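Let me begin by presenting the structure, written as structure tokens, before commenting on it.
Just so it is clear, A, B, C, D, E, F, G and H label the chains in written order, and each chain counts residues from 1 on its own.
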Amino acid sequence: MTVEQLEALLADVAAGRLAPGAALERLKHLPFEDLPFARIDHHRALRQGSPEVVFCEGKTAEQVVAICERLHAATGSFLGTRASEEIAVRLQARFPGMIWNPLARVVHLGERPAPRPGTILVVSAGTSDLPVAEEAAVVAEAYGHSVERLVDVGVAGLHRLLAAAEQIRRARVVIVVAGMEGALPSVVGGIVGVPVIAVPTSVGYGASFGGLAALLGMLNSCAAGVTVVNIDNGFGAAAAASRICQP
Amino acid sequence: MTVEQLEALLADVAAGRLAPGAALERLKHLPFEDLPFARIDHHRALRQGSPEVVFCEGKTAEQVVAICERLHAATGSFLGTRASEEIAVRLQARFPGMIWNPLARVVHLGERPAPRPGTILVVSAGTSDLPVAEEAAVVAEAYGHSVERLVDVGVAGLHRLLAAAEQIRRARVVIVVAGMEGALPSVVGGIVGVPVIAVPTSVGYGASFGGLAALLGMLNSCAAGVTVVNIDNGFGAAAAASRICQP
Amino acid sequence: MTVEQLEALLADVAAGRLAPGAALERLKHLPFEDLPFARIDHHRALRQGSPEVVFCEGKTAEQVVAICERLHAATGSFLGTRASEEIAVRLQARFPGMIWNPLARVVHLGERPAPRPGTILVVSAGTSDLPVAEEAAVVAEAYGHSVERLVDVGVAGLHRLLAAAEQIRRARVVIVVAGMEGALPSVVGGIVGVPVIAVPTSVGYGASFGGLAALLGMLNSCAAGVTVVNIDNGFGAAAAASRICQP
Amino acid sequence: MTVEQLEALLADVAAGRLAPGAALERLKHLPFEDLPFARIDHHRALRQGSPEVVFCEGKTAEQVVAICERLHAATGSFLGTRASEEIAVRLQARFPGMIWNPLARVVHLGERPAPRPGTILVVSAGTSDLPVAEEAAVVAEAYGHSVERLVDVGVAGLHRLLAAAEQIRRARVVIVVAGMEGALPSVVGGIVGVPVIAVPTSVGYGASFGGLAALLGMLNSCAAGVTVVNIDNGFGAAAAASRICQP
Amino acid sequence: MTVEQLEALLADVAAGRLAPGAALERLKHLPFEDLPFARIDHHRALRQGSPEVVFCEGKTAEQVVAICERLHAATGSFLGTRASEEIAVRLQARFPGMIWNPLARVVHLGERPAPRPGTILVVSAGTSDLPVAEEAAVVAEAYGHSVERLVDVGVAGLHRLLAAAEQIRRARVVIVVAGMEGALPSVVGGIVGVPVIAVPTSVGYGASFGGLAALLGMLNSCAAGVTVVNIDNGFGAAAAASRICQP
Amino acid sequence: MTVEQLEALLADVAAGRLAPGAALERLKHLPFEDLPFARIDHHRALRQGSPEVVFCEGKTAEQVVAICERLHAATGSFLGTRASEEIAVRLQARFPGMIWNPLARVVHLGERPAPRPGTILVVSAGTSDLPVAEEAAVVAEAYGHSVERLVDVGVAGLHRLLAAAEQIRRARVVIVVAGMEGALPSVVGGIVGVPVIAVPTSVGYGASFGGLAALLGMLNSCAAGVTVVNIDNGFGAAAAASRICQP
Amino acid sequence: MTVEQLEALLADVAAGRLAPGAALERLKHLPFEDLPFARIDHHRALRQGSPEVVFCEGKTAEQVVAICERLHAATGSFLGTRASEEIAVRLQARFPGMIWNPLARVVHLGERPAPRPGTILVVSAGTSDLPVAEEAAVVAEAYGHSVERLVDVGVAGLHRLLAAAEQIRRARVVIVVAGMEGALPSVVGGIVGVPVIAVPTSVGYGASFGGLAALLGMLNSCAAGVTVVNIDNGFGAAAAASRICQP
Amino acid sequence: MTVEQLEALLADVAAGRLAPGAALERLKHLPFEDLPFARIDHHRALRQGSPEVVFCEGKTAEQVVAICERLHAATGSFLGTRASEEIAVRLQARFPGMIWNPLARVVHLGERPAPRPGTILVVSAGTSDLPVAEEAAVVAEAYGHSVERLVDVGVAGLHRLLAAAEQIRRARVVIVVAGMEGALPSVVGGIVGVPVIAVPTSVGYGASFGGLAALLGMLNSCAAGVTVVNIDNGFGAAAAASRICQP
């Protein structure tokens, strides 16, 4: 319920067009009807370009299809992450126009959103980090952002990263994806003055402990301006980067 | 704002006694004004016997005294846990009638609350667990409950515990406080049919890892009906037990 | 052996109706004969409505069937949790009247127990938490309790939870099931005055570490009245809730 | 060295105004002189408002004074975090105009920087989180940002937070500081559409494991747009927020 | 080389039957030739009843068969633990007289060893702990010990354990096998005066962390006389128990 | 109450010397009086040489003195571990004949117990492990055992250990105390055929994590016959060794 | 770009042989063009015998084949580790001359490199450690080093190790591969005066926690001269050993 | 006992100058007397420049003085690490010529050892890492090596490190000391072709977990040729580097 609607309701009561009892019924749940306002605002925001996001992992194909059908009916679009091949194939059968990026494990249906300001640069340390990096990149693109990619620039061969320093500095926000020791965000954070979102990946073995080493490394970064999301959470990095880009 | 107040407000608008604009001002923050109602309900509940609780650890004596003064002014009582000797002495100088239990590290000011139904039994495994057990017992007493204590009945000498089996079974809820391997709640949970709240303590050394061993043991209890609170959290156990006792 | 039985025995000895040697035989194992009494009490309690519970995970279908046959013969009922499809199918072939809830992974045979007082509300944060939430709900129902459900009310969209505040406050005990950061029990614990049993789930990835993040979050809850059970332990929450409901 | 400076240098050589040997001296360290250029750029940025930052913890008072003297000589200002009372007193004796915030443990000397766009809102869950929250707020102010504060709005009493929803939504970026279960960022992230930087604190005991519980909770946040910094790292949150605010 | 052999050698040198240079050759490697003696002593000890033990896990069937063939050729017997069905079937094809215990995953070939003094009692907490308990029992029997078993006597139903107290006290050493919270060794250690070897098992879920909870519980046992082996290490418990039994 | 006492009581009832009511009073607590029998047996066993043991850490000097007074009154002796200098001085003032071993932090009062069979060898890896090793040795001596010591024989200088191989093999049980990587028990376990009790110590720094590295190393020992106690638990090792020595 | 090349370029500009604009183009990327020089140096070094190394795990067969084709085209050789059977078979179909070591999971194509000085000794504790040990040995051989192997010399049977003491002392560097308690490097480090590279393996179960126990043991080694690489990182040990051998 | 001594002894027996029985006495402990040969070799090696090393932490000043007196008597020198001010002052009173480096916490007495080949470069990331870096540097100098230092070259300001690239490449071995995220060894390992020994330090806070983050980062380094020692173990790095330098 918007303030305008509330004004109208009160005017109706003042004018005798609405009985106090009837108004009471509508108002006494106001605290909770008001909060759905936020949801409606959210929906409006989504209609302005940001599709809803379904985390497919741990859901059955039936569940994902049903959720996407509901989203599609409401907004004409949906965006899903961590989609297995089985889920993607099932969705494509149901939504032939859907786009599926198998590397990023992202499914997407909907019109191209209005372009948003600012460039998001997704930097990845190694080839094995690409699925997470692509998840971030594809989600950011689905949100309407301009996205650039810089791949295979791990700290053991710094010259590849330094050669792209100017490109890095042009970005509005940099997402840095790295596994193993997770040192890349510190180096990038020392080069640029824009926000750096670090995404640890579970790439590694032994004492990487499923990405813990990279996560701890990034949390202890000696470079200012670095913040961190969960291991392998490319989507989360894109969502945060999108919020940063919006003025 | 109660439903009655809302009815009155709407009646005032309908009767022209209140302009829609003025009503709007009062109503548009309703979601948040309504929630303070819950706080007022909460205050009422407190006035029925449950004093506010101040976690003193990590606060300066000045801060604790200031908070207790505000609580005392509002409700005529206060209850504080983890009170160091310094804090307790400072409070006693300010509130001469305050009661201080140094073993439990609890301070308490206020009239005796109305008695509440049900007996809370606080069982502790060893002498070193007594501060945590007493925190639970003293807080429960401050809430108006009847409290019994059973001390030094660790699992390495089961006969002491078994000798009190009937007393244990009479309780409405049993709080079991134990460090080291934390096995006592499982044994108690196998004897009684009432809820058992397990409190791991940081008593131990080496591989107790500050209470982690006891915590994990209690979470993995093979006895049904056992729930767990944080390490050394005697207060939390008493708060939960109090909620259980209230029908 | 009750006190009455003991008086009778001693009277028999005093009257010469029982030789001291024969009395000795009966008395020297008294500690252990007495404890089986507790088991019989327990059986009696079970016959009053609470079926035995078999944890099926890690047992072969043969073992589960054999245990259920023994329980069925003794009590006419059984209740099993963590039942795989294979086990459930095997049991249904043997006990055609058995009810199987595949989502909750619970199997149940037996007459409807006598209703018990109090409503248990099972609140779950997300769709992926449903199997654990349903295990809790179905077990509580099998114990004879009235159970209500509130699903998909995670803290990132608070209005859904707040809209149900009144329903939450009506419950005798609330079971809150959540994975990822496990923040929901703190929010619920701040709304209600009844006991809250928090069930962390293994839902999540990366730094959720199989439910550890949710478990730690719940143990550190800043809301009073929250106690915690093991990760994914819907059964344990139901068992504790049932004990709380019984006056 | 900018491209323009490099063009000028080469033109000087071509014109005979600069001997090749002299140019060599300046150019042969170009890779490294160029990177110090970045430092000079950085210095320039700092002179525009962002003071250098000294992490005082683990340094002797002598070391901190010496470093601050060098910074002061170069830029006329310095900013220090984690300053103990001993260090602050020593610095104040040397720099009488220095400002010392004992709660935030921050020392600052320098002119007021030019105001920067955007408001940074610092939200803290409890009284004990204030030192970390103040570190973030004071550093952001030293960087020239407009800072607002919202204190003691932990999730166990949601109405206090919800009452400030509009204030929260007005911010360009929200820093959320919380210990114990660290649930507050998830709730804030569900309310606003701007970036949320979560700062776990070491406030808590037992299974908080020095802030690990809050850290894991925040990393697993179910709300989009939340990124995380190290435990107690108020400075890092301010630095990242500052980068976000700068268009 | 025995002392007798060394005397003989020196006598040969003194008598001129052996040149100093030839003696030197034999003596200069004495440290290492002597240590193989220990191996021969070890072999002798094995021939007196203790078969060699092959840890089959992580070895191919070919490797296990080859090792068992060498052991069989040298000693006429072998004992293998953690034998998969594939390995056991391959071994039985090669050694038709071999005994295979699928529950304990133990394979054994050889004559019955001479009986050894003392009874080893293997106590297990639950049905799921049986594979580990049986590994301990079968290995101890293969070593020639008299073994008794006590099953399903977990601490949540103490009377079953207490009913067997006399049997427990008769043992020379008690091996206690338990998963989940691992509390059983503490209870047994409080009942008996003989050595108790605690074997944590990986039975459990969630916060059992693969047996870590049981392991920590046992290491922190408040009962004296309890020592611990690795998670699921039934063999190690049997080996230690066997050494204890041998006077 | 012994069986003989029970026979006498029943005979008294049969003979009319004891009224059934009076017998009832004594018998109705029989299950629990019977378990105190075990305690009395235990006391008797203690009077045969094993003094009671007080864990002084975490107790006040007053508490320790009070407990020792009670033990002294009952048995004429006491044994305390982890005694600080303050506690020891207080005890010595009260019990002038008490012996205090400051290195082992053990206090002991009582006559020399009757000698027990078997030699306990306490082997320690480094100088810093001596307090734990001495705790084990002094407790074992207080129990009446013959104790030998072998110090500073860490695995980085194996010849020192091998030089004592014969001494090691003569022991009935070997207690091996080591910090850092905790490798010594594996080496000792490979040399001897007697039980080896491994005691990890908290000696070390960095990745020793308070003794965790040594603890894990010992639990994973590749040598058979090695069992483990808690970090720094010299007393526990002595108690287990004593039980092993008693036939 | 060398200093000489820079002098020449500047001389050309001074002499009018090179326009400032053309020089600018070459110079403005100097920092980054210079670093590729290092890459070329690196390539040169590789052509002197050390093949490039591809970590195959987590890459598809297609990716590995494509990378190897590029390496083969550039250098005539490639070296791959962690190659699955599927990848190896695919590579062999493409490169018939390729050598595949299935135990070490290493693939290698290229001429025999020029021999390098120094012998690398690879010592392994048990049969299950062989894959990691072979990875180290095969990689070191591919680098042109002389490699010796010593297998199955775990610390529980020290004589086998001591018998090879002279062989161990002859090596230029010793790689020690061990799982479980990881004690072998300490023993080897105490025998030799050359560098010891310790490789923990994930061999073990229960409290080995995937190699963590061995890793911690090796990091806490009481022997000087021991350094450690990641769990199962045979390649890393070989790479470090190769650098040590090169004077 | 050297081979020459053994030849002489056997010649004495052959010549009748030594009775076989007397020779037996000297020879029967040969395995262990032989190992002391290694110790004597070790001593000889030490006299050639490498002083014995005393780890002072956890020892009393008395113990350290006594050990140093013994070392001084035997070799004329000693070297101690982790020496507190109290210990250093006590030692200086006893050995006026002793050199004490308070930053490195190293004490040293003895003539300058003969120079050894190769330069050891000690690189440290930040000012707070200096104590560990100096421990490594001072110990390496005490061993006779040429040592260079490179300080404050953390990865957040790469140009400082890159400016020293040539110096880094000239070293025979590089010791890299870093706390926080521990990324520096990866960057250095990518620049040089010599062995890199990484030393994690406990510098940091929060999620550095006492150096664990740096340790894990270094173990997971994506650069080849990097090996790791324990947290804060500057001595261990120097000892390994010294072994590497010796051809």
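Here, a residue touches a chain if its C-beta (ideal position, glycine included) is under 8 Å from a C-beta of that chain, and two chains touch if they have at least 3 such contacts.
This structure is a prediction, so every number in the text was calculated from the model and none was measured.
Engineer: What is the set of chains touching both subunit C and subunit F?
Structural biologist: Per touch definition, common to subunit C and subunit F: B, E.
Engineer: Among the chains, which is located farthest from subunit B on the basis of C-alpha centroids?
Structural biologist: The most distant chain relative to subunit B turns out to be G.
Engineer: Can you check whether subunit D and subunit H touch via the same residue numbers (shared by over half) or via different ones?
Structural biologist: Different: when the shared numbers are divided by all numbers used, the fraction is under half.
Engineer: Equivalent interface to F-H, which of C-D, D-H or C-F, with over half of contact pairs matching by residue number?
Structural biologist: Repeat interface, by the over-half criterion: D-H.
Engineer: Between subunit G and subunit H, what distance separates the C-alpha centroids? Give it in angstrom.
Structural biologist: The computed centroid separation for subunit G versus subunit H comes out at 25 Å.
Engineer: For subunit A and subunit G, let me know how many angstrom lie between their CA-based centres, rounded off.
Structural biologist: 39
Engineer: Can you give the whole-Å distance between the Cα centres of subunit B and subunit E?
Structural biologist: The answer is 50 Å.
Engineer: Residues of subunit D that contact two or more other chains, please.
Structural biologist: In subunit D, 31-32, 34-35, 38, 157-158, 162, 191, 206-208, 212, 215, 219-220, 224, 230-231 touch at least two other chains.
Engineer: Run through the chains and report each pair that touches.
Structural biologist: Listed in label order, the chain pairs in contact are A-B, A-C, A-D, A-G, A-H, B-C, B-D, B-E, B-F, C-D, C-E, C-F, D-G, D-H, E-F, E-G, E-H, F-G, F-H, G-H.
Engineer: Under the touch definition given earlier, write down the residues of subunit F that touch subunit E in their complex.
Structural biologist: 38, 42, 45, 53, 191, 193-195, 197, 215, 219-220, 224-231, 235-237, 239-240, 242-244, 246-247
Engineer: Touching subunit E in the complex: which residues of subunit B?
Structural biologist: Counting only subunit B, the residues touching subunit E are 125-126, 154-158, 162, 180-183, 186-187, 189-191, 204, 206-209, 212-214, 216-224.
Engineer: Inside the complex, what are the residues of subunit D that reach subunit G?
Structural biologist: Within the complex, subunit D contacts subunit G at residues 3, 6-7, 10-11, 13-14, 16, 19-20, 23-24, 27-28, 30-32, 34-35.
Engineer: State the interface residues of subunit E toward subunit G in the complex, per the touch definition above.
Structural biologist: It is residues 31-32, 35-36, 38-39, 57-59, 63, 200, 202, 210-212, 215, 230-233 of subunit E that touch subunit G.
Engineer: Where on subunit H does subunit D make contact in their complex?
Structural biologist: Checking each residue of subunit H against subunit D gives 127-128, 157-159, 162-163, 203, 205-208.
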